[in-house]
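Pasting in a structure now, in structure tokens, and then I'll have a few things to ask.
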């Protein structure tokens, strides 16, 4: 290999070189490269939303003043924005990348804005319905899961009948979530829009009592959606649980929603740490109870309730005693008089990964109480269901992507599958089920609506690529009633945004278009995010086709494929001579 | 899920390390890439014999875009002392001085100079990229190789002398020097790592980060699983994400689920010789070490 | 103002480094070099020298610290001996191959086993192939002056090679002489501030010490060889210039004493051997023997041409080695012999191996050996003589 040409040496003296001089394209050793499916590449907000609502786009429409189009877009994935815009814990906001710059976008408030705004126009949005198919579908349970399934099936032209056990539709929306979070008047508007699309609503019709699954099938319902929720209060299993004056949180909220009068006395203790416990406590406080205490056996960090709700409860004057559990309820004259409790400490982790509460010897204490309300968990009333549907006795067994159960033609979703969850998860499940039912009715094999995004990827992170053009702007302030103004009434606490405020907030959106995890995890820096649409693209000269991006993409939007135009063996030869 | 905070970060788009000779799926390169995104252009790297040097200093491929010097195997701590002293002497205060060495270059042949650098109290960042063996030269054993892993110089682990040794406690060694900042990290937790690099850069003295960097070539798993394997390392307790600052240790991240070590081991062919009794022993060692760190972390 | 001090060789070296305004010293103590760095630490502590002192945990790291300081753009210095020099062997190659102008003083000492703290040249001789320029000085004054010269030589852009200033352990390092400490301003004029093109600089990012297979490395090695060759002239020029400025010079690459008409010439390095030799030469001259001395000041680069030139007319040459290349002969002997290759006629050449492990070399001994060598010049063409065989 003798040559006479001089090797250019840019640095002298010594064996040194200029940094960044890389004549070889290290990705050219393979023509396998990642290919992106843009339809699965979501902005982080959309990834976080269980309903996969195209949040970035609807915010963009608000920016343009196209509020009706924004609402239409929301309703493509969520038929209950009036509700969700008020009660959703806003998983989307947690994922909002604006949080890496200054403060997360108030997405929930923007959703509420487009929903509220629609009703101020005088001509609220009505969706297009496909021609009638004549196929009958039964929805058991008129809660958010059932309402969502009903909506999407009705739009397909199918004949939907909702079988509702109560005298009104809504499920937990009406009978669980209190008025001050979700006024019934608002709820009724939204439910009416869905009910109007259905063939019929049968009220006071309970599965197992008034009809069975077999009955429905015999009556010609070709597909059935079960959205019966989880209404059975879990028992504490302590002495005195059955005394008069010990209530179930679920039943208490239901009674209040139905307008019944409940006498709580002066001191109320609520046991539990979930949203039901918080709703129960805040409702009790408004009903003239002087003192409301929540007992929770773990610490604040483990509390499953929405953080904002917990904070509001404390602001309103509810005392939360952490690391405490009831041991026995004592009566006087046949009525609840006091509750004996014990302090807890957190020990090692159990299978769920949470630290196990253990009672501290000798730390017992007693609280005077008039009413004890339990809200420690809810289960499904499986006694009304066919045995084949049930999984280990607790919930309905389901394929979480297609929402199919063990019985052909029977689908399900919502709390009866996952246990007490959120409204938006139930809505998403209803829509997935509707999509599956649509295929089922047309005789096709069922492909899931969309394989859900992956959240089993350890620590979720949100990143923003640093750019110079983003100015720090504060998040819009949402006005709310002060604790004093809330006393002893059920007025809706939070206000909506004005159009002006909504537009200003919408302008803060960074228009992420993708979550950037592929860009982050690529060891070669081969993925870049360029152009106005900021979608990931790969530099084929740098990419070694390791496949990390494929594995880390939460949307499963990337696949490794042989790419014809990626040249193989394109190692630029460093000239050593002629 | 409702109550969980999500780590967020604005990250620089600059790529200061590109086009290396590294294996596909290499997390050492990934760690260096991320560190440079935090540290920026005004950074100098001193890198001894290790994978990172091997893939960036062989002519004609000069993958670093910042000033970088390749140095003899044992010298990282000493060279960064020299650089740090010289910059101080010249009044240069805005350039990060960073030594990046592997497990061998830090815990074995480089241990003495590593220790002395920490003692010197000079301002620098020392990052140990730990792929748990001398990978660069063909997977020879290091004192940071986990119990039971097959290496080229320990092909039958169960008959080797280092019976019940599992990974020298380098974090503990660093802390024993009372430096202002030390941390453990893993390339499966990018924002945790970047935050630590950022803290290290703002430390007025020695800062040490020990980052676990899984290696598909040497650990025996498919290269697309690099991030997943690192997650399992942390979820099984084989590795932990901690920080030492102002004399106190704390966990910076605790995984939500705990996974038995067997699940982690079963995915890597370097552990294929482990029998149930070895796995049990390793599980016990891992549990003990985690408990010891938990105990230290809970000290006031 | 220059001043005269009664001081040791070690301190003299320290003064040299101080006057050269070194910015970073990275060192590890080892007898008999320790006082050099201790004195420098004292200078720093009392504000006489603005420098950083890195207390390394070993000599390998000490040289690595110097290396780090050098590539970060600061003039750097260290001192060691014996096992310490051996410990930093790897780093010596690294610094020289990378063409970095580090200056180091070596207080020459035996390398065990057997254990010995005493003077000998073996330590530096062992490192003769690493690519460092090597000076062997004769006096404390020369130690100081050569230290200053060393920076100028090392930093010369055609040289850019590290320099080792060797002084006999104990004989020079610990013995006190009257030494003139030059004036700082004069030194500043003579030795400009440190500046280099190969530095760690974010405004001009370089990859320092790359690797390359085959031809390119061959080219770099050739440049290193050429630099050593260029160093010969630079060493001469710098010594001449030093002479003009400070009034003292040492002959550049070699120092001669009554060599011009010598029939027998003793070749040596360092103060012990050459001090004894000067006295032996004078004594022999008094006895009518035309003896002379050729002192190798620079061992690397080896002054082949000058050695040949100065020894060509002698009938006999005696080379004193305070070292040995086991399996062959004294190292200096080998190199001198090679320099004379092909000479017609060629002097006989005797190797006197002595002064090992602090053993004294006295003029009488040198004289006896030298006179004997001259007598047997035609019959014993090469000979090895050991100071002690029993």
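The letters A, B and C name the chains in turn, as written, and every chain counts its residues from 1.
Here is the rule we use: a residue touches a chain if its C-beta (ideal position, glycine included) is under 8 Å from a C-beta of that chain, and two chains touch if they have at least 3 such contacts.
Because the structure is predicted, anything quoted here is derived from the model rather than measured.
A.B. asks: Relative to the centroid of every protein C-alpha atom displayed, which chain's own C-alpha centroid is closest?
C.D. replies: Of the chains present, the most centrally placed is B.
A.B. asks: With contacts defined as at the top, give the pair, B-C or A-C, that has more of them.
C.D. replies: The comparison resolves to B-C.
A.B. asks: With centres defined by CA atoms only, which chain is the most remote from subunit C?
C.D. replies: Between subunit C and every other chain, the largest centroid distance is to A.
A.B. asks: Let me have the rounded angstrom distance from the C-alpha centre of subunit A over to the C-alpha centre of subunit B, please.
C.D. replies: From the centre of subunit A to the centre of subunit B is 36 Å.
A.B. asks: Centroid from C-alpha atoms only, then distance subunit B to subunit C, rounded to Å. What do you get?
C.D. replies: That gives a centre separation of 43 Å.
A.B. asks: Based only on mean CA positions, could you tell me how far subunit A sits from subunit C in angstrom?
C.D. replies: 78
A.B. asks: Of all the residues in subunit B, which ones touch at least 2 other chains?
C.D. replies: Expected reply: 59, 62, 64-68.
A.B. asks: Which subunit A residues reach two or more other chains?
C.D. replies: If we look for residues of subunit A contacting two or more partner chains, we find 17-20.
A.B. asks: Quick check: what residues of subunit C touch more than one other chain, meaning two or more?
C.D. replies: 205-212, 216
A.B. asks: Report the residues of subunit C in contact with subunit A in the complex, numbered from low to high.
C.D. replies: By the definition above, subunit C touches subunit A via 97-100, 157, 160, 197-198, 205-212, 215-217, 219-220, 223, 227.
A.B. asks: Taking the touch rule as given, give the residues of subunit A at its contact with subunit B in the complex, in rising order.
C.D. replies: Answer in residue numbers: 17-26, 89, 91, 94-95, 97, 99-101, 301, 303-307, 349, 353, 422, 455, 457-467, 520-525, 528-529, 542, 544-548, 550-552, 574.
A.B. asks: If you look only at subunit B, which of its residues touch subunit C in the complex?
C.D. replies: My answer: residues 41-44, 46, 56-59, 62, 64-72, 74-75, 77-90, 95, 112-113, 115-116, 120.
A.B. asks: If you look only at subunit C, which of its residues touch subunit B in the complex?
C.D. replies: Touching subunit B from subunit C are residues 23-24, 26, 50-52, 54-58, 60-62, 64-74, 76, 90-91, 94, 200-202, 204-212, 216.
A.B. asks: With touch defined as at the start, can you tell me which subunit B residues reach subunit A in the complex?
C.D. replies: Counting only subunit B, the residues touching subunit A are 1-13, 15, 17-27, 29-30, 33, 59-68, 188-192, 216, 222-228, 231, 234-235, 253, 255-258.
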